[in-house]
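What follows is a pair of complexes built around chain A, which joins chain B in one and chain C in the other.
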Partner chain A sequence: MTLLRAYLRGVREGWFILGYTLLLCLTFFIAAPFLMIVLRSVGKGWFGRLWLPPQLTLDWYRWAIEVGNIPEVMKNTLIIGAIAVAISTIIGIFAGWAFGRRHLPGKEILMAVILLPRMIPPITYALGVARIFYTADLVDTHFGVALAHVSVCAPYAILVLSATFESLDERVLEAAAVCGANTIKRFFYVVLPLIMPGILASMLFSFTSSYNEFTLTLLTYGPHTVTLPVRTYLAVGDGYWEITSAMAVIMVVPSLFILATIQRRAKPEKLIGGFKGV
Partner chain B sequence: MTTFWYLHKSRLITGVLLLPALLSFFGLFFYPMLLTVTLSFRPEGQEVGWTLQNYIQFLTDRDSHWVILLTFILALGSTAVSILFSVPLALILREKVRGHRFFRLMVIVPLVIPGLVGALGLLLFWGPRGWFNLFLMQMVPFIQRPVAVDYTIHGLIMFYVWLYFPYTCVTTMSALESLDRGIEEAGAVAGANRWQVLRYIVLPLITPGILAGSILTFMAAFGAFSVPLVAGGNYRPLAVEIYKQISIPIPAHWSAASAIAVVMGLLQVGFLTLYMRFVRRGGGGGAAGGAQ
Partner chain C sequence: MPDAMIEFRDVTKRYGTLVANDHLSLGIRRGELMTLLGPSGCGKTTALRCLTGTIQPEEGQILLDGKDVTHVPTHQRELGMVFQNFALFPHMTVQDNVGFPLMIRSVSKPERERMVADALRLVRLEGYAGQYPRQLSGGQQQRVGLARALVYHPKVLLLDEPLSNLDAKLREEMRFEIKEVVTRLGITAMYVTHDQGEALALSDRVAIMNRGRLEQLGTPEEIYESPRSKFVAEFIGLSNFLEGYVQSIEGRDMLVMASGLAVSTPALPAIGPGQKVLLFLRPNEVEILPQDAPAGTNVFAARVDKATYLGDTMDYRIALGQGVELRVQGDARRRYQNGDPVRLRLRRVRSWTVTD
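Take a look at the complex of A and B:
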């Protein structure tokens, strides 16, 4: 009997070790590329069959900042992101209110239609967007690039904010009305604080969308509106792997901040409306 | 006027609230899409006239058959590998092993990382001078030359899996989490062993979740642009082919690019419809979750 129990425990521990090994493999599989980027960005004279760079240097970062013009590029990216987030959040609040709180015939079909831009590959309508922007002189302006980003950010903001408004309790609003608050006061003192987490989540996701967006930017950017993904792409084309790695490290820092916030504040399942700019 | 206002007040307000969303939808998606479709029927470089030449040229070309096939191979291959990869992972992460929060975080890392950074890191790691080949050459006998991973089909599939498996994995995990443990216990009480519980109870119940997640992975992989652009080499799926049409020739082949874009959109929508029907009918064993 004890022998059987020991055998069973052994089997169990075997499974446990197997599972843990798998998890560690996953971690390595996901983390290894970052490790390589970081090493490459600080390594000097790293040729041939060496596991680690023989010398460390920060020269590549200096090159990235001076030659790659990273501060300027970062400024562009943030301005474009801010405009895109502002527009899509406003759209999201209005539409979310309509979807979440008002009687709307054909709600589900309308929602499916609004989410359509996330279902179709962006490159298909990016062509049309680029053509329109060329004729409307919106190419190579911050506003234009941001507007192009709105087409992918807005559906996501609408999705998140509709869910937020739907979960708003009607009775709280009624209580406020009974206490004598008018519509505007109700909105600013009752509704807004309650939906703030939803708004923040939607802003976060919209910003990540815009920050990572590559396809739409590539077709609408110009010399004055180079964003980080486009800059990295151009650097990859130039073939200087070390400088490109340094840029990639700079680029990934805000993403990691966002990741930490998401992990603490929001459930990862909620991100799965797909907010990646492929 | 006032009576009209009182009669339709509620509807008007709803309309006004929806106005910005509809404006952005029509202005930034529908109209550009329409423009792409019209452009695809125009003769190259002209603003008037109608022709089917762009479609005929693309659809009769042998290279483009290969491009379409390649796009499907990459998308379906990475979706299948993602499912194979995600299910055991989700099953393990369901048990609250030590550090499970950290592993969960690792799963969603590729979602927030810009695709280009991922592609760059993957190229560095799996490339001829990366750690993978260093390991093979130094630890495994008989391997003297680097094994080619980057710029090959299986390498691309692996890159896609790295980038897009979280969609499948997170959906599978949330499906597993909402599963009632009581059902499994009932199965165990009725005499099923662990494998049978997994095979006949857990897997059928989470299949809708897995398939819904796999749709997201498929869509992302089908439309993938930045990764094959950087790491594809000679393998150009549809998205890259479209971009090549407007970036390489001077003047740009807008009409040809539009025709390919329309074909790509139709293929994706058609395949998704088939897939959803398959999921609804039998694959999911009942109500399957939507694409969200």
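Take a look at the complex of A and C:
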């Protein structure tokens, strides 16, 4: 019996060691390319034979900003992101209310349709979007690109806000009504503050999806609507690895900032759930 | 009803084929605390929701202070309500929760602060104004709920199972607290519960509901002492039932044969031999006597089946007649053991005719 227990403990500790090793490998696997890019973006005369670049420089960043026109590109990215977030959140609030508060017939099917753009290969969907946009003259407009992004942002917003509305306690709204609040006052004094965490979460998710979106942008962008991922991709095509790396690092900074905010300010699961009960 | 503060007139509400309120008519007098009591699904909550305006009855009227409010939206009904799950606003402090009805009514800030302080004093929660609901215990949260319901002096106070989410000891305490506050303010209150103990302890009158209908309406004493039906008797307190046939009428009494026992009980009006009746005995209306006690009317030989010690009382299941088992409660100082032969004297037997 003791022998068996010792054996089991040994196995379990063995598993622990194996698990940690795998986790470490995975971390390295994820971090390595990123590390590579960072080193690439500050290295001079580094041709990959050495472990570390022989000389450090910030020249590539200067080049990226000046030649790559990063400020303009960043502005495009943020404008498109803001429009996409605004539209997605408004859609998300209404759809989330309907999904979370009412017993809709065929709710599952509707949900599946909403999630469809996320399920089918992006290029397939993007081709269709591009086709329509050429006809509707929406290509190379901030609004057009943002609208294309909405197809991937809105599902997030709807999912997050449905969960938020679902967790909204019916009785609390009833209490507000009994206290004398009409529909509008109930919304502004009770519903809105309670779903605010959900709205913020949905905005963050929407913004990151728009910010990171590549395929849909590639097929709807034009000279006036180059976004960061597309600009970076084009720079790769030109063969300037160092400058491209610098752009890639610049692009990652806001994402990391958002991630840090989420991690520190609020537990993501809490954001999604809103306030569960009291 | 002329002096009714709350009145249900023939209110009917259906959910599909289920009739939740079946022509319910009920009047609650000014300053009265009435309890709507019944098992789950009896329609008490539906009645309450019709009164708050959360749902609309299909037929009938609801009057508040003589005014027909059947189609008035909830927020214009001027109600105060305490909820089972407290339903406080989680994002507001106690101060803001209690002040919410005043803010909605645009009461000036200094005035609001004074009224909130008064309300908090009423429920003994001074000093908690800055706390959030999640920082409070269940009992404290419910007191905040009570303060919020009373702060703007509504015409009526509604309480929807306010003590169900609290533990047993706190429930007892809160009972008296609610009763005291309501009495002190002289407010008309409707209290919905499935707990008979609460209903008896709190109410001026109790309305017992069953399957969407009013089963009996009366003071707690009336309800307990003279239940009008088996349902009421079963729901309030412990009861023993015996089915039997009338054998003979002897003056003001009748003799009923029930499971081999000849039980004498006051005669029911317009009853004749052969009719089926249901006898009803409260456990404390049966006396346990030693085996050698003298025989008499309604004294029967019996045997203790199961004796349970409950501290201040003994709870017995006693077998007598042909397979009858009675639940009897007796003084714990005089104990009988399992299997002891005893005699039972039925001190008081009531009966209803059975129509089936």
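In the analysis below, the second predicted complex is superposed on the first by the 240 of 278 C-alpha atoms of A that agree within 3 Å, B and C clash if a C-alpha of one lies under 4 Å from a C-alpha of the other, contacts with A are read in each partner's own complex, and residues count from 1 in each chain.
Heads up, the rule we're going with is that a contact is a pair of C-beta atoms (placed from the backbone, for glycine too) under 8 Å apart; a residue touches a chain by one contact, two chains touch by 3 or more.
These figures come from a predicted structure and were not determined experimentally.
**Student:** Just from the overlay, do chain B and chain C fit on chain A, or is there a clash?
**Tutor:** Overlaying the two structures gives chain B and chain C room side by side.
**Student:** In the superposed arrangement, does A:8 touch chain B (first), chain C (second), both or neither?
**Tutor:** A:8 contacts neither chain B nor chain C.
**Student:** Going by the contact rule set out at the top, does A:98 touch chain B (first), chain C (second), both, or neither?
**Tutor:** First partner only, chain B.
**Student:** Going by the contact rule set out at the top, does A:255 touch chain B (first), chain C (second), both, or neither?
**Tutor:** So A:255 only meets chain B here.
**Student:** Taking the superposition on A as described, I'd like to know which of chain B and chain C A:17 touches: first, second, both or neither.
**Tutor:** In the superposed model, A:17 contacts neither chain B nor chain C.
**Student:** Per the contact definition in the header, classify A:147: touching chain B only (first), chain C only (second), both, or neither.
**Tutor:** first
**Student:** Looking at chain A, does chain C or chain B touch more of its residues?
**Tutor:** Chain A has more residues touched by B than by the other partner.
**Student:** After lining up the shared chain so the two structures overlap, which partner does A:136 touch, if you call chain B first and chain C second: first, second, both or neither?
**Tutor:** A:136 contacts neither chain B nor chain C.
**Student:** Enter the shortest inter-chain Cα distance between chain B and chain C once the structures share a common frame, rounded to whole Å.
**Tutor:** In this superposition, no C-alpha atom of chain B lies closer than 13 Å to one of chain C.
**Student:** Intersection of chain A residues contacting chain B with those contacting chain C?
**Tutor:** 275, 277-278
**Student:** Note which residues of chain B are touching chain A in the complex, please.
**Tutor:** Its residues touching chain A are 10, 13-14, 17-21, 24-25, 28-29, 31-36, 39, 88-89, 92-93, 95, 97, 101-118, 120-122, 124-125, 129-131, 134, 137-138, 162-163, 167, 170-171, 173-174, 213, 216, 219-220, 222-227, 229-230, 238-239, 242-243, 246, 254, 257-258, 261-262, 264-265, 268-269, 272, 291-292.
**Student:** What residues of chain C sit close enough to touch chain A in their complex?
**Tutor:** 52-54, 73-81, 83-91, 100-101, 103-105, 133-134, 141, 148-149, 152, 158
**Student:** State the interface residues of chain A toward chain B in the complex, per the touch definition above.
**Tutor:** Contacts found on chain A: 16, 19-20, 22-23, 26-27, 29-37, 40, 47-49, 51, 87-88, 90-92, 94-95, 97-98, 102-104, 110, 113-117, 119-129, 131-132, 147-148, 150-151, 154, 158-159, 208, 211-212, 214-215, 218-219, 228-229, 232-233, 236, 241, 244-245, 248, 251-252, 255-256, 258-259, 262-263, 268-269, 271-278.
**Student:** Applying the document's contact rule, which stretches of chain A touch chain C when the two form their complex?
**Tutor:** Contacts found on chain A: 169, 171-172, 174-182, 185, 189-190, 193-194, 275, 277-278.
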